[in-house]
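One chain, subunit A, links the two complexes that follow: it is found with subunit B in the first and with subunit C in the second.
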Partner chain A sequence: MGEASALTTYFNEMYQSDTVRLPYARLEDWTRSMPAELRQMKQAEAESLFRRIGITFAVYGEGGDPDRLIPFDMFPRVFTNAEWTRLERGIKQRARALNAFLLDVYGRGEIVRAGRIPARLVYQNDAYEKAVAGIVPPKGVYSHIVGIDLVRTGPDEFFVLEDNCRTPSGVSYMLENREIMMRMFPELFRENRIEPVDRYPDLLRRTLASVAPPKCNSEPTIVILTPGHFNSAYYEHSFLADLMGVELVEGQDLFVEGEFVWMRTTEGPRKVDVIYRRIDDAYIDPLCFRPDSMLGVPGLMDVYRSGGVSICSAPGAGVADDKAVYTFVPEMIRFYLGEEPILQNVPTWQCAKADDCKYVLENLGELVVKEVHGSGGYGMLVGPKSTAEQIAGFADRIKADPGNYIAQPTLALSTVPTFVEQGIAPRHVDLRPYCLVGERIELVPGGLTRVALKEGSLVVNSSQGGGVKDTWVLAE
Partner chain B sequence: MILSVDHRTVYRYTLPVRGIVQSHRLTPSIFDGQKVLDWSVEVSDGQKGGGFRDGAGDWVQAWTVTGPVSEVIVSVRGKVETIDLTGLLRGHKETIPREAYLNATAPTEVDAALAELAAAAEGATDRLDAAHRLCAAVSEAINYEPGVTAAHTTAAEALALGEGVCQDHAHALIAIARRNDLPARYVSGYLHASGDGEPHEAAHAWAEVWIEGLGWIGFDPANGCCPDERYIRLGSGLDAQDAAPIRGISRGSAAEILDVTVAVQAVQQ
Partner chain C sequence: MLSRTADNLYWIARYMERAETTARLLEVGARIALLPSSGHGYRSEWDSLLQASGTALGFAHKYGDPVQRNIESYMFFDRDNVSSVASCLFRARENARIVRTALTTQVWDAINTAYQELRELERKPRSELELSRLTEWTMRHSAMVRGAIDATLLRNDGWDFLNLGYHLERADNTARLMDVKYYVLLPRVEFVGSGLDNYQWTTLLRAMSAHRAFHWAYGGEVTARKIAHFLILNPQCPRSLISCAYGTNEHLHRLARGYGRSTEAQSMARNMLAELQDGTVEAVFDEGMHEFLTRFILETGRLGHLVHEAYLSGDVR
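Our next item is the complex of A and B:
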């Protein structure tokens, strides 16, 4: 481990000094009874299963074939029912507040009028869509799938790292990881009472159906709109379409005629009621947004705004998950729900503010710095893991465009035992649960655990050498 | 004043296209300065799509035409009663907050020359005075000259040329108003040519600037005045493209030939 981490103690989710924490009790025997050869065999089996299924992810900017296999670690991550119950309440609370915020800022903007969030942060935000102001989506929901990234620093300490209100990806890994674990280690699922996650596709389909548009008066037709096979999450798009039993379409498969959106089928055009889109706002309709986009459907936004089709997530939802707006989510929870936040934010410095910026530049060595609109672990600085040269270079970038950066303390991310070449070793993890918001708010017990496979690394993104684990919530 | 409008847009395609989708902002705004007496929009062989009032208060109406089709005619006809509110957009309902109109778009990006022009507001007694000074500065800096600029010309380019049409004037005023932290937007509409020898365009565009305490106020740098009873307001946006009365896309690879005729007449003074 690096110098900085030697000074920090990390919460190990399995071992507390020499005792095993309760949720992991049965896993100790399991690892003891697994000799190295068997482990290697199983690991190879898991990889071949993933390859056969075709789960890959795309890594950009490294040359070569961008499609590679995401590393899967067989050692599961486990939560007790009590731990999960608290997380669940916190996640649902946050998803409710984020949606209330979106409905508000595209309506009367009460939170801005009340002076609880600066007007410019909202209305001059790149993700604010003037085109949907005054439009109330079905059930008042803007973000139907809220992915909330959580990290843990102690037995009861969880922090929200960021919110994803647009089209969070990765849920296919949550489902596949479980599927593969059940296939390879059926005995584990007999010995431990693990809450199932396989209801997710059905809940997603029901969530989407519950937000059918006002002009839909029969069983709604749902489709998934993908930018195409070159997209890094294409596998997930087709996987979810299969599991939900809905069509996977590209922009060219849809067209607008009269008051509705239609899908070309071999039996003629079929009206589409709900579109789960995995395309960014800017590309969904060249008539309303980027005129050069070939990925979207011309005229789609007019159909949406006149109640002929639902789009999930609703255009404009991104203004709630911007990293600068993130700072105000606890305020949203108090303002809209009259509750105290159950899950805490990570303290955040905004380089747009002169005082914050000064502090950040003076303490770069201890901080994590991110771009306000960045994602995927690209364009970030992890101070304690960087050279003096990298830090100096990043300082110049911040000075050139302070408004583009926020900084957070380097969190002592919890670890979970992970299979490594030498045996088993602790590795840092995070968690992304997927909260579904429609007529009801639903959350399957689990999520995607990402693990930083490099020793000492705190960056869990798959593009930066991260892997995934099955995530268990134990039944009571 | 009662104004009659006859606005015809003909789209001709070199080869038949498979279909057309259009989004119209072709219905006069609802505010105290104008009242629609009668109004119709027709699209040849068109099917009416969804219609709704958007956050800017504009009526948006979608249309589709199912091909193959090689010619489409959009006809707008109607009568509007207008009064002079000296540019004030009184009684207009909208949801979008004024801060959203501080955002620059590509045609309204400020370069060094526009920044210099924006200094015309220095020494103004108040925001209204500042807006008037900015409007006058644009009128002065860009001469009305059709044919030298095009749809994609930016405010910076028009200022460099020193010539342009109402779109360029409006873009330049919007750019320098926002530079002075005044929310500003592009307005499209019609203008009655009064035969006073001044150059006019019947399909017209101007700018609106938000003045705290007064609201949105129209400024027409192309004619060096504020909109009065000769103006009919249709809709607004961040720039010309965002406020376009007709946005459309055709499915097919044919070239499009556009022919527009607009007549605005006073039927009663």
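Our next item is the complex of A and C:
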């Protein structure tokens, strides 16, 4: 999203006119007591810590330094316990509904039969995997790690921007940001009572173990499947494998024999029960999906179907986080859970609908337009920030393929104080918490706060110049 | 452990050791080049070094005549040269990045720091970089990595694979360095025993950081026999062939015990060690130093292949 218009007022999470909001109360003194030199020293220290740990990030298609760091801002983002409790209920509710939807559309399709969501949107969807129709994964869970992107526009107004049901990334930043803050500013953690997030790897391991396949009758062997060390999220894959104490494997390390999946070890083959995969459906099994995939394991899907291995997230989970299906999540919550949604959707226009499309084309200058399957801030139009020429060009693209686009109003994202060259200034933020779904639904109190470091910018994606912050939830 | 992880660990060690050897080789070259003349002018010595490291063709293709500055660049910085210090460090770090989780922070830090500093060196003008500084830099970092491994790494099978890499690579490299001296650097038989001969031997010892140690152990004149004994048969010398053979045996033995299974690699390593334990300098010279070393290099290569088949290939059943 583009430059903030001068007329819009933004919710500042720390300052309300002249008063400091409660959760930030103790941070006021902290910033006051930190002279510029100390701040620069600390910032340099943080950067060298990140670089030494090796947390770097490669941006697709940008070339340049493969060891680029995502900028880390030391000013934390803080939630009160009450704020978080409400968010937590909303997030868990959404994760439950999304999983119920997945189980349903690969089963009897009740929600479609009931006419609550168009059949075309589900069954003609590119992310709908016919190959898994009829499969009930262990505990009925398709999406085991649900990343829900939230923005805030007021004290009590939160909107869900999008759901990530496949393999949401960034949780390693949540954990490392906290580690680094605790190392650099231990006094802050003594003065504020901050809920810890370091249980996450343990909860993730337990979640994965809880969905072991039916044929597994002992302590399950869990692995993380990565596309390899050239992937931009490789650091995260190895980080999580390390914290959970499980092997990090590539497709070439696994093979199928008999009714099981095995990994190649120095002591011979070892059976694998649960695969937390960080590669896309299309690459999992060349026999079932893309035959040219070098990343996957031939025959894996057969073993999956016959209950010899669990795959997390389950193949096909992507149909729930599609941007067109997103519109119907509140409907899913009502349909499956019989509850009212706690977290609101951003109003969304579907260009596939003629009326919506007309409205979008007439108001392109004020809207944000996204591709239905796009991610990472690529291929989108930010109306208020674009030139007339760019808008006209985008209008042609929408007319050519309306079904590929959705549009939303430009949201007034909240701001959090952020260290900038001149001192401290408000910058726009969003939030991605990571909800774990297995036998139980778990959410650690925290998440990844992304911040648009450029003045006025509303784009928080790290590929577009965004940074990250530590996210605090205060204990009661 | 995953076969691929074991493979990565093994190659981290091999590349680190190889980087160090290339630096040592450069030092041998630089010292020998300080001699006024050895019959063909100093150029031929540099050429011999390129031949010894197996990079002569690649160099000739890129630069033509062996000019010292070019050779230094080629053997230290050039990524086209697979044995250059930069190539080796780069690949050691790449392997380490893949298996970050099998390393301690200290080991990763040591390898990554070497890599980050190398990237800074690459940006400096070559004229500001003395060769001696570059070779010392390499040995210092190689020692830091080695030290971090010894001081912090869990003594599990991963540690064995790292050490197998080190010992196999070192055995190969020591044999090659000796062969350079004996076969390549001294092409004409009338030089044997001459002042030049002794100077070259001494340089070789220096390059192996074994000059002082040699004098403590043997004393008196530097002779080919004493040096051959020191570098081949003396278990006190950390880079001698027999020390490397003890090392490979120890770690293969630990693996066999840990996994409850012995392989062809263990028997071959045992045989190689037994031959060195029973060996004498006379026997080596009777066979011919070059012939002996060539055979040793081949056998080390075969042992490496057996280790690959038994543990690293992933085809173990």
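We adopt the following convention: the second predicted complex is superposed on the first by the 469 of 476 C-alpha atoms of A that agree within 3 Å, B and C clash if a C-alpha of one lies under 4 Å from a C-alpha of the other, contacts with A are read in each partner's own complex, and residues count from 1 in each chain.
In the analysis below, a residue touches a chain if its C-beta (ideal position, glycine included) is under 8 Å from a C-beta of that chain, and two chains touch if they have at least 3 such contacts.
Predicted, not measured: the structure shown is a model, and the values here were computed from it.
Participant: Report for A:204: first if it touches subunit B alone, second if subunit C alone, otherwise both or neither.
Facilitator: In the superposition, A:204 contacts neither subunit B nor subunit C.
Participant: Tell me which partner A:368 touches in the superposition: subunit B (first), subunit C (second), both or neither.
Facilitator: neither
Participant: Among the partners subunit B and subunit C, which is in contact with a greater number of residues of subunit A?
Facilitator: If we count touched residues of subunit A for both partners, the winner is B.
Participant: Is A:437 contacted by the first partner subunit B, the second partner subunit C, both or neither?
Facilitator: neither
Participant: Go through the superposed model and pick first if A:288 touches only subunit B, second if only subunit C, both, or neither.
Facilitator: first
Participant: Counting only touches as set out at the top, which of subunit B and subunit C does A:109 meet: first, second, both, neither?
Facilitator: Touch partner of A:109: subunit B, not subunit C.
Participant: Check whether A:120 is in contact with subunit B, with subunit C, with both or with neither, and answer first, second, both or neither.
Facilitator: first
Participant: Applying the touch criterion given at the start, work out whether A:265 contacts subunit B, subunit C, both or neither, answering first, second, both or neither.
Facilitator: A:265 sits against subunit C, while subunit B stays out of touch.
Participant: Across the complex, what residues on subunit C touch subunit A?
Facilitator: Touching subunit A from subunit C are residues 1-6, 94, 97-98, 100-101, 105, 108-109, 112, 116, 157, 161, 255, 259, 261, 311-312, 314-317.
Participant: Please give the residue numbers of subunit A that touch subunit C in the complex, ascending.
Facilitator: 51-54, 229, 234-235, 238, 241-242, 247-250, 252-253, 263-269
Participant: Given the complex with subunit B, which residues does subunit A contribute to the contact?
Facilitator: Interface residues on the subunit A side: 106-109, 112, 119-120, 122-124, 128, 130-135, 255-259, 286-288, 291, 298-299, 302-303, 305-308.
Participant: Which positions of subunit B touch subunit A when the two form their complex?
Facilitator: Interface residues on the subunit B side: 19, 21-23, 47-56, 60, 62, 64, 66, 94-97, 99-100, 102-103, 238, 241, 247-249, 251.
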